[in-house]
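Both complexes shown next keep subunit A, but they swap its partner, so subunit B is in the first and subunit C is in the second.
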Partner chain A sequence: MSAVELDCVAKVYPNGTVAVSELSLSVDDGEFMVLVGPSGCGKTTALRMVAGLEEITSGTIRIGDRTVNQLAPKDRDIAMVFQNYALYPHMTVAANIGFPLQLHGVPKDEIARRVDEAATLLGLEQLVDRKPGQLSGGQRQRVAMGRAIVREPSLFLMDEPLSNLDAKLRVQMRAEVARLQQRVGVTTIYVTHDQTEAMTMGDRVAVMRAGLLEQVDTPQALYDDPDSLFVGAFIGSPSMNLYQARLDISGNASGSIELGGQKLGLPADVLTSRPGLQRYKGRPVVVGIRPEDLSEEDGRSESDGGRLKADVLLVEALGSESLVHFDLGVPIFEVEGTRSAVEDQGDVAPHLAGIGGTARFGPRTTVAVGTAIGLRVGTARLHFFDPADGRAIRD
Partner chain B sequence: MPALRRRLRWPGWGRVGFYLAVLVVLAVSLFPFYWIVRTSLETSAEFSAGTTSLLPAHLTFSNYTQAFTQADFARPLLNSAIIALATTAVSVFFGSLAGYAMARLRVPSGPILTFILVAGFFPVLAMVGPLFLLYRHLGFLDSIYPLIVTYLVYTLPIATWLLRNFFAQIPPDLEEAALVDGATRLRALWKVVVPVAVPGVFTAAILSFILAWNDFAFALSFLQTPSKFTAPLAIVNLGQTQNAFQVMYNRIDAAVVIVTLPIALLVLLAQRRIVSGLTAGALR
Partner chain C sequence: MTTTTTAPPARRFRLSWSPRGGSDRLRADRRLGYLLVAPAVVSLLAVTGYPLLYNLWNSFHHENLTDAAQAHTFSGVSNYSKLFSSSDFVSSLTRTVGFMVVSVAFETVVAVGLALVLHKAFKGRGLVRAAVLIPWAVPTVVSALLWKTMFDPRNGFVDYLLGVFHLPGAHTTWLAGEWTSWAAILVADAWKNVPFMAIILLAGLQLIPDDVYEAARIDGASAWQSFRRITLPLLKPALVVALVFRALQAFLIFDVIFIMTGGGPGTTTETLSYFNYHAFLVDTDFGFGGAISISLVVLSLVIAGICTRALRPST
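For the complex of A and B:
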């Protein structure tokens, strides 16, 4: 077990592709760190540099108290789970799991004992004599995990280990992998393009975009307080509703934003808690509203004032809640690079992508498609971003 | 598709025709070998008397025993075995290393591969002359070891080419997993890549072995002393007796059968390996 430190690590492939530029990240001892980002943003490359499978163009990587830049993978005391598992097809399950021990010169009877232990932990006892070809996807995934944990390395690296499983098994293995990591307590760097996986598994999540680190924080902090438009749009499902708007501040007390033809009032505390907004007086901003911060207008409560009118396009009743897709008459603000990633996760009906927005209503909502409704906006939880550089506007 | 199969079965004139064709091909290719076996089991008196039936009158193993007692056929067999095994081992070892390098490292393997293939199919007789001159200068003539080098000229390129293609199909993740698990690159090659490429390794080994075992032209050109002869070369001399006009064809045929057996066994054994060698499952 050890901490991992990436210091200004960069990777330029021989063909000139800059896969990772200046990645600085520290992972604490025993921490489960998730690297998340859309496909092609350099996650795999970063992980492979930590593993020693890819040369580092510049920067330093430390595992524990050693700088490992020049160390071969075998000397880094790591274990890796590959996306396609990379099980050795000519070896039995037991031999696959025992292979790292065999390579490290562990005596035969101890190998047998530890393989047994790992197989039991993973529920593979019945399968130890099979070859990988005779296993199901979930079983192969477990064997790959077994091969990783058996040596008790100081660091686990996992590259989208669940992406080849079907949806149901993926959810199940998500919990299982997280539980296993907690149990063995080994520092883990876990790569995924799936933000749900990142949110549910990580102690902390590092969001990457185009070779750069956007933000590192706990899942909740990323969700509540994204540093950038990209993180705001990428984290959360259904994703944050983003619109370009104009900010008006009257005097010093309160203000409003103009969204299409509508005006949304901003109470004073929204402005005082985000002093940076003063600089955007009379200028365009991007406003972000989480679907759960939009609720059904019931004509009673007058508490925090913000209201918008919208036309209902589609209601998806999910049992525990209803997702109401609506049209505000304002186009969605497109964030480069998140659209495809969000669509990958399949939570936007394709014909609705690009227009309107989504609200989370209670399960018994009576709103009907084609009608106009009033949306109450939780203005205290609004997010504001600079439309030019995408940074969050806070102080 | 039971319906389809039933329709093919009967009245399956197509199928009958197919098996007839198979029979014809089998007869054409196996009859000469049958005739060799038949002759090798006859006495020379019967052989001289001429052939009257497809089956031999009675069987004798005397030609086989004579090949070893009167003509010392064991020595050339041993020579051939040494040469063929050494050629095979060297081809597979260096072929694996070279093929691996070409499959994995970023070397421009296109032109090299073309060259290798051309070298592997260079006409033997065009090579005999120059090599003879070269070996005479080097004092390599009349020794079995230079023959190994000669055969490598042919077997190493073919083995390299074959193994490169097998290695190229093995996902790099597999050996990277081995590297992370604690192997050096060489160890990952021997413990993971080569075993997974077993069908390729066997194919390369068999081709190398057969080429070295069967060669006649190089052995004939480079060897003079009978004790250094390879089996194919010795067979020619095996038929000779004190009587210059009598050739012991029965004994020659017995030797031919002996020489053919290892190859036939090898191919039969390896065939099962090649089929069962690669069962998928490394990847999803």
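For the complex of A and C:
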């Protein structure tokens, strides 16, 4: 077990493409760190640099107390799980798991014992004599995990290890991998493009975009307090509703934002908790509303402030909740790079993306398509971003 | 509502209809299949099946042009007993097998090396890959003549090269000695056939996914270990194909020898095919030649069997 430290690590390919720029990230001993971002954001390159499969253009990588920049992969004391598992097709399950031990000159009976142990831990006892070609995707995935843990390395690297599994198996393996990591307690860096995987598995999550690190924090902190528009839009499913609006502040007490033709009142505490908003008086901001912060207007509580009118476009009843897609009459604010990533995950009806918004209602809602409804807005939990640089406006 | 009520009958209709339709289509497919392979089968029968049967018939009859009296009379197994007791047959078989083993082993090692080089990414790789194939595209007759000239003791390039670098072997009359002749034949044969093997092996190498090598690097494999434990076993299917092809080609070698040494000096480079040619076209003994031909076919089958069995992927 070791902590990992990336210090200003960069990767520039000979043709000038910058895959990763100035990445600084520290992973604590025993921590499960997830690198997440849309495809092409540099997360896999970053992982491969830690593995030693990709040369570092500049910067330093430390694993434990060693600087590993110049070390070959085999000398870094790491194990890696690949997206396509990379099992040795000509070897049995037992030989696959035992291969790294064999290469390290571990005695035969010791190999047999440890392979056995790993196979039992992963529920592969019945399959040890099979070849990878005779296994299902989930079983191959387990063998790849077995090959990784049998070494007892100081660091696990996982490159989208669940992306080739079907949806149901993915959810199951997600829990299994997280449980296994907790059990063996080895520091882990896990790469995924799936924000749900990132949120559910990581102790902390590092969100990357275009080779840059956007934000590193616990899943809940990323969700509650995104540093940037990109993180706000990328984390969460369905994703945050983002609109360009004009901020009006009357005096120093309360204010309002103008959303299309509608006015959304902002109580004084919204402004006092985000002093930075004062600088945007009379200027455009991007306002972000999580779908669960929009609730059904029931007509009883007439609070004039946090209320918006919208037309219902579609209601998706999911049993435990209903997702109400609506049109506010304001175009959704597009964040470069998130749209395709979010659509990739299949969480948003693509024909609706871009024109409306989503609210998370209770399962018993009677809202009907084509009607106009009132939406109560949890103004205390609104997010504000600078439309130019995309940074969150706080203080 | 109307669409949901009409949908099920439509599906039921299709379900009950499809098996019969399927078998109709299956039969039509099969007919088309036979039709499409027919030209190949007919031409194979004409150029392989007919000569084979004709030789088989010959091998059990007196068919010697110099002995017209006994022409077409049944001879029993006399051609075969003559063959198996012939010292020329035994010695040419020994030479052939020896050449096959040595040349195929040598060519395999060189071809694996060449394939590994061609597999690496470097500038101008496409051009090099194409260039490597040129010797294979040259007709054997041409390449054999070329090498005969190259090994010429007075004007040959080989002799010149050895002289320039003061290497042993300069001023050797290559094609006058038994072992030097074999060396020259081996080089000429390898020059032409290594590219072919290398391209087959290259195709095999390209089928091995990169991440398997990366996994091996992380698991702690050195370059040699990764070659021994990953590349070679995964290259086995391609190796089998290349080996079977080459072993049979080498076993039946004729043209290079015919042009470079004519089986000489003496009969020291006479292989089975050359022996066969001699029986047919010099001695005009078609009965005896037929017996040699049939033996060659059987031996070829045995070699192909051994190669595929020895290298069968262990799944």
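Here are a few things to note about the model shown:
What we mean here is this: the second predicted complex is superposed on the first by the 391 of 395 C-alpha atoms of A that agree within 3 Å, B and C clash if a C-alpha of one lies under 4 Å from a C-alpha of the other, contacts with A are read in each partner's own complex, and residues count from 1 in each chain.
Convention: a residue touches a chain if its C-beta (ideal position, glycine included) is under 8 Å from a C-beta of that chain, and two chains touch if they have at least 3 such contacts.
Predicted model, so just to flag it, every value in this text is computed and none were measured.
Look at subunit A after the overlay: subunit B and subunit C clash there.
In the superposition on chain A, A:Phe385 contacts neither subunit B nor subunit C. In the superposition on chain A, contact is made by A:Arg140 with subunit B only, not with subunit C.
Of the two partner chains placed by superposition, subunit B and subunit C are both touched by A:Leu103.
Shared-chain residue A:Asn164: touches subunit B; no touch with subunit C. Partner contacting the larger number of subunit A residues, of subunit B and subunit C: B. Of the two partner chains, subunit B is the only one that A:Pro132 touches; subunit C does not reach it.
When the two complexes are superposed on chain A, the residues of subunit A that touch both subunit B and subunit C are 51-53, 72-74, 78-80, 82-84, 86-90, 99-100, 103-104, 131, 133, 147, 151.
Partner subunit A is touched in their complex by these residues of subunit C: 209, 211-212, 214-222, 225, 229-230, 233-234, 236, 313-315. If you check the complex, the residues on subunit B that touch subunit A are 106, 171, 173-174, 176-184, 187, 192, 195-196, 198, 278-284. Touching subunit B in their complex are the following residues of subunit A: 14, 51-53, 72-74, 78-80, 82-90, 99-100, 103-104, 131-135, 137, 140, 147, 151, 157, 164. Of all residues in subunit A, those touching subunit C in their complex are 51-53, 72-74, 78-80, 82-84, 86-90, 99-100, 103-104, 131, 133, 147, 151.
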